[in-house]
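Mind looking over this structure? Questions follow.
Chains here go by letter, A, B, C and D, matching the order in which they are written, and residues are numbered from 1 within each.
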Amino acid sequence: MDIFCDKLKEECGVIGIFQEDINSISRRLCFGLVALQHRGQESAGISVINEGKTKYYKDMGLVQEVFDDTILDKLEGTIGVGHVRYSTTGDSLCENAQPLVVNMKNTSISLAHNGNLINATELRDELYDHGSLFQTSIDSEVIANLIAVNYEGDMPKAVSKSIARVKGSFALVIGTNDMLIGLRDPFGLRPLVLGKLEGEGYVFASETCALDVIGAEFVRNVEKGEMVIVTEKGVESIFYDESQKKRLCSFEYVYFARPDSDIDEVNVFMARERAGRILANESPVEGDMVIAVPDSGIAAAIGYAKESGIPYGTGLIKNKYLGRTFIKPDQKSRELAVRLKLNVLKENIKDKRVILIDDSIVRGTTSKKIVTMLRNAGAKEVHVRVSSPPVMYSCYFGIDTPSRKALVGAEKEIQDICDMIGADSLAYISIDGLKKSIGCGENLCMACFDGDYPMEVPKKSNKFVFEKN
Amino acid sequence: MDIFCDKLKEECGVIGIFQEDINSISRRLCFGLVALQHRGQESAGISVINEGKTKYYKDMGLVQEVFDDTILDKLEGTIGVGHVRYSTTGDSLCENAQPLVVNMKNTSISLAHNGNLINATELRDELYDHGSLFQTSIDSEVIANLIAVNYEGDMPKAVSKSIARVKGSFALVIGTNDMLIGLRDPFGLRPLVLGKLEGEGYVFASETCALDVIGAEFVRNVEKGEMVIVTEKGVESIFYDESQKKRLCSFEYVYFARPDSDIDEVNVFMARERAGRILANESPVEGDMVIAVPDSGIAAAIGYAKESGIPYGTGLIKNKYLGRTFIKPDQKSRELAVRLKLNVLKENIKDKRVILIDDSIVRGTTSKKIVTMLRNAGAKEVHVRVSSPPVMYSCYFGIDTPSRKALVGAEKEIQDICDMIGADSLAYISIDGLKKSIGCGENLCMACFDGDYPMEVPKKSNKFVFEKN
Amino acid sequence: MDIFCDKLKEECGVIGIFQEDINSISRRLCFGLVALQHRGQESAGISVINEGKTKYYKDMGLVQEVFDDTILDKLEGTIGVGHVRYSTTGDSLCENAQPLVVNMKNTSISLAHNGNLINATELRDELYDHGSLFQTSIDSEVIANLIAVNYEGDMPKAVSKSIARVKGSFALVIGTNDMLIGLRDPFGLRPLVLGKLEGEGYVFASETCALDVIGAEFVRNVEKGEMVIVTEKGVESIFYDESQKKRLCSFEYVYFARPDSDIDEVNVFMARERAGRILANESPVEGDMVIAVPDSGIAAAIGYAKESGIPYGTGLIKNKYLGRTFIKPDQKSRELAVRLKLNVLKENIKDKRVILIDDSIVRGTTSKKIVTMLRNAGAKEVHVRVSSPPVMYSCYFGIDTPSRKALVGAEKEIQDICDMIGADSLAYISIDGLKKSIGCGENLCMACFDGDYPMEVPKKSNKFVFEKN
Amino acid sequence: MDIFCDKLKEECGVIGIFQEDINSISRRLCFGLVALQHRGQESAGISVINEGKTKYYKDMGLVQEVFDDTILDKLEGTIGVGHVRYSTTGDSLCENAQPLVVNMKNTSISLAHNGNLINATELRDELYDHGSLFQTSIDSEVIANLIAVNYEGDMPKAVSKSIARVKGSFALVIGTNDMLIGLRDPFGLRPLVLGKLEGEGYVFASETCALDVIGAEFVRNVEKGEMVIVTEKGVESIFYDESQKKRLCSFEYVYFARPDSDIDEVNVFMARERAGRILANESPVEGDMVIAVPDSGIAAAIGYAKESGIPYGTGLIKNKYLGRTFIKPDQKSRELAVRLKLNVLKENIKDKRVILIDDSIVRGTTSKKIVTMLRNAGAKEVHVRVSSPPVMYSCYFGIDTPSRKALVGAEKEIQDICDMIGADSLAYISIDGLKKSIGCGENLCMACFDGDYPMEVPKKSNKFVFEKN
């Protein structure tokens, strides 16, 4: 567990490019992955295909730690796939890094997956019975094996047939010897967009911010249940499953996505700012200054400040050089460790009634430390306002949720949480308020807040398999 | 040159600890250096002294890249010195990393230096004549050799005698076998504070933020021309030179120091916010939103917004995973490279008259790219306001200033700069305004703005030796 | 190409251990691999199985570069498989390192292979049609996929059925959740022995020298067409194919195996010494001293000296610190490069008629340099005697032979080779002589000398697929 | 301690080159260091001077681990100095790697030292009093500081004056901005030769084998008490101290030097072979085969065999891939560890009376293991003959001798040693026999055998400072 951060974690970011120039593709993929780095900081990988030859490179670490000019120079191609990964399981192994590159008859496929399959175990068993092998513990290998079994020369057909067997969430980018495929699960749980390079190619990416850094123009979202196929002839679309209602993950707006991205054409920053405004109306409180838990609470804090008329200010300063892993603090310093990441701006806090905006509370441990820091700095009152509802249910679709026992929202009443973190008052935005802020009402998956899963999830007995300890 | 950043760069951050417990010192030094990381990202080092035995470890890289638990476990001691360095010269070599550790008669000294000597060449020549050797190209070795020559068993005396020969800026922390010394040059150009650990020791650090992360209480500033000596007997103070007026570097407030630090008891964030307010009064403009160049412009932007009544908003999103060095963009992507670091929040900018607050402009190249990005995102007007005066003169005291030819403020009129960067209007805070914002009037060095150096600086002919190309 | 060495190269060394103690297995595997290091210096890997859980570690480099105590401490198990690899193809990639670890229904298998399949392409195509995937370019993955397809709960049966489909050479060690299997192809082309640990387990290894370093006692060879299965119940043997005559690779005695190993119960050093004696009888020459090309020519040189009565001496000194890869010599130094590896003992050579014994000549380039060195050192005459016949045919069974064009023995008459390398006389041992020296007559594969392959090999048109350029 | 090797260890190897071509110098230095690698495997370094600019690179590890093409390409110059080091003290630190590069007035000097100063502590104290600093714990820094103190523009004069103060052994190579100096101590304890590059420059090196790999011709030895200075004008010689008799270290012939080197014009291999012959005459024994402890015992074994008429054979095979450091064997494997390095050729040993030739015995631990291995392999008798006398006294001149308590030759009678190692008989060559084998009688230092040191050595009380534990 990241001792500095009490947030849910995204599993992955994906990107794919189809273009003519073989030289620029690896840097474009790499720049795109840097833009998507917030979606996964554990491993990074790029695969490129050049005239039927596939090369790839992947390793543990941030994009900039994994790649350098020497490596990128060797990765020439017209079709490319990239991936950043945050591991939700204990298997932080290099062989689990993506894209997964496998050979089939007459083609290789490079597969990048964002999401989680809930019937992976059953499918793996079926595939074992068929005589398939597994070399990794990632879901992508299940998908790749299904494709191999179903492949008879027509890749989109093989992908459709395979995907029909799969349950769960997925935004997939698949590169073959002559095509680039982007697809989203029938509920559209994970985001994927299509962009156009200046007159010469196409890009798939998890978020629009990846289009911006490579100068690509947003074309449209890949839709739920849609497979978009880019070949030399152009872009083709197949709706392989239209039976389901759209259920985009609402947490993309709450925390995962970058504020400058549009997810399904709703800008993330603006959604967060609206959530802050709604929160101000739902749970007003008197105070002298609205401050954010940086950086993810800033947009909502600005919204809350605007709506309430209470000035927005800065109360916490974040150390921008702090990496993901670090030395273990000695016993004495343990309680100070959070200050490595966040420090209080004492002079601005002193004697003030502070309204602290956080985007979410998962375990509550960090909130407690921040409230204590603010009080020690002289804050007269600390009112915590959270721009998402209490997280009460585990996610089965690619988000690293702790077990319910660790979810403070599932285990405690709000007043008890307030007492635990030592705040003067605590309020969360309502479920309706969050929906309104995003503005696409019933098309969202809010299962982590309300338990209404878009599909049947594993029964309780099995469920803990998917939970973290 | 960092292609993502058009800022002046600090040379170094220093820390020193004197305590009883030998186990916790290396982690405390390390945490302190993480807090000071913004002052130097090129190399990091720690030296510890335990019962007359000195061990040290230093390498190129960020603090967290250089140190791990295995290394820190070996660094036990009761006296410790730490350093982070940003190289202003081309010699980015490991042997130039600090602290410099040297052996003298009956003691070793570990020396960490923030600042720049302007008579280093002359002193080095004198020392050569004496028969002294040099193994590095850092000023600290000049100081160490002076101390060795003057040392006759009384370290504070040797340090005083040596420092009397030195011209330039320096905040020094020196660890010996039985004492920890902190001192500041006669002008107090570089900052240094003294803190107290919970009942059991003392800390020197460049900024108060380093005290916060190790739970130390601020005691007082080390004063200009003062040497503070910590031994087992306690804290002693020697004012070795009281002939000069204080001239603290004003750029500490403008850009270098962390906003949560107090520099000579003035909080940096609050000074920046006041500068924003003053700027709003000096150079008002009509607009729909005040935005900052993140992160250094945020405090002034909030101040400008408050004073002007124009709402504060977010227009630019910074990628928090972008490291210092990176792959070279291909020709096509070069102009997009700035977007790796900064992206526009289009929906928030569109059709708005934007007031963009930056803390300083050095070359102007990045400003131009940001204004272009804002316009491309649909901003109706872009008014640039800078919370420091034009940088017109080179610094000789430890700041990495480009040559005057590259300083846009020295070479062009303000209107020409405005045209160059493509803004609708451009204004800088006045020199008096900046002084007022900091609030310690004549005690500041503002030579980079007004050319009024606190001491005679090398003549023009020699000057380019110190300038970067 | 290794610029210092003109020898054929073995592809691999394998080891497997079945024992009770989970702690010592990784070090034993590691020590065994160090003993087998001469069979492959490109990558090394170890896989261990502990109560149904498989862990592995493999990387490019020598055994001692790949493994350290930290890694070995984590590799606990009762069943273990190890591998060292020399790549005969261009794919010196980490994903091609072995053991190959794959998951099947209810078990994983760890597979280490020494040899080469000549119908791998056909099998791969069949498996593609079945829907199998390939993630590497090594033959072991073909075998693993065959096993997966044939596996119905009985591993020995699945292995038998799979192996029946395979053509080529193989000594295989396979670890599953509860058994360790060692097997050899129907011709016994590659060696494999079974050893017994002191009262508590069993070992398979390519050579007996690996048994010695872990204190295991030699039990017997695994026979051609035999599969030996070690489980908790003990050792079981299945002869899965008895249709073929034994054809052990004769080059194991000529160059590959370590002199202290017994290969199929014939000691390698003694066989080489006998070859030297036979060579002395077949091709006597007057001379003052018999010297060896170290180290591989020493045994035959001693034999030649004994038989001829001409004293054995040392004429060439080998640098024992020279690694496999090295800096590129500048143009001037290129011709001196061989001296980095070998230097002449001038005083011992001067004015002498030298008989130089080499174990084999492949391209002839190094021989020429050595003869020149000896002449420059003052040798009056240089007579070259080679303790294996001319290499004239490519190997299809796991040895890295250059294309026939590069095989000097295939392209030139012996007198022409003698002229080319600048020797006074040149002679090779006869094919019969080599057979006699090994002493197991018709049970040897001597195809690289006589073209009599033990099975049909790819037709000429396909053949170059297997050849190096 | 190296668990695989019971030998005394040399401290260092040095090389220096003066030439016109700036490109080839780094590779030549590097090749020379590879040839000298046996003299020190802990660290390697190269310094080059090009038109008054000095660059260097040094690190822990073998030459080939430290250097690659990228690094060598950057090291251009006309004067260069190289060094390999084996640390006799615990300070295996990178800052102790050589060459030591320091700046003095108007020049830098690069200093590579082979040897040991016995008055370093006194000199360091004097230099402290002068105000000199020390940054390392190597003797070379004492010499460099002396030179700096004595330097008044004439480097050879400064070196002479400095060297006059120094007691101990030294072969030094010093590169300045315009000259290359090679010198040897007044006793000539450590070797140094001068070579000539093909028509264009000069080389100093510890051994002639380094000349061979770079195609340099041997010119002559640097003599005891001589300083040879190479400048653009040519080669100049100064005999700075002719008061002493020559006392070259005899252990260079016994073990340190490469067999293909000539040390003071006596070939090492031939000297060792002669020692074997003399040993055969002094201590004959009946036997069936003479075998060597490889590699260092081979020459003497060949000599012994020739003289005795008993055939020379191979009984022990050495693993040529075993590096210096390695994983720790578990308890069970500890006694097997020596087999990682050496294995018995059982078939050749069985039922034979073996005469085992070793070049020296220091602690006796390895000898015992080898004798046991031979007996276990079936040897009927094992007679050990050692081609150097018992090591009884510590060396103060650069050789890593253990404390006397650990020197089995100092602590036990020969018969007791014989019993301890389990041999049937044991004999050492006589002191006179060794002298005769080398052939330069009284010009040798044999202090480790007879205690007759060439100069006064530290009294017993101080002595243990120099001893290892």
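Here are a few things to note about the model shown:
Operating definition for what follows: a residue touches a chain if its C-beta (ideal position, glycine included) is under 8 Å from a C-beta of that chain, and two chains touch if they have at least 3 such contacts.
The structure presented is a predicted model; accordingly, all values stated were derived computationally and were not measured.
The chains in contact with chain A and with chain B alike: there are none.
Among the other chains, B has the CA centre that is most remote from the centre of chain C. Centre-to-centre, using mean CA coordinates, chain A is 61 Å away from chain D. If each chain is reduced to the centroid of its CA atoms, chain A and chain C end up 50 Å from each other. Not a single residue position of chain A touches two or more of the other chains.
Contact annotation for chain pairs lists A-B, A-C, B-D, C-D, with touch applied as defined. Those residues of chain D lying in contact with chain C across their complex are 23-24, 27-28, 30-31, 34-35, 37-38, 41, 62-64, 67-69, 72, 209, 212-215, 258-260, 262, 267, 269-270, 295, 298-299, 302, 306, 311-314, 317, 319-323, 325-330, 332-333, 336, 339-340, 343-348. Remark: chain A residues 100-105, 125, 128-135, 144-145, 148-151 touch chain C in the complex.
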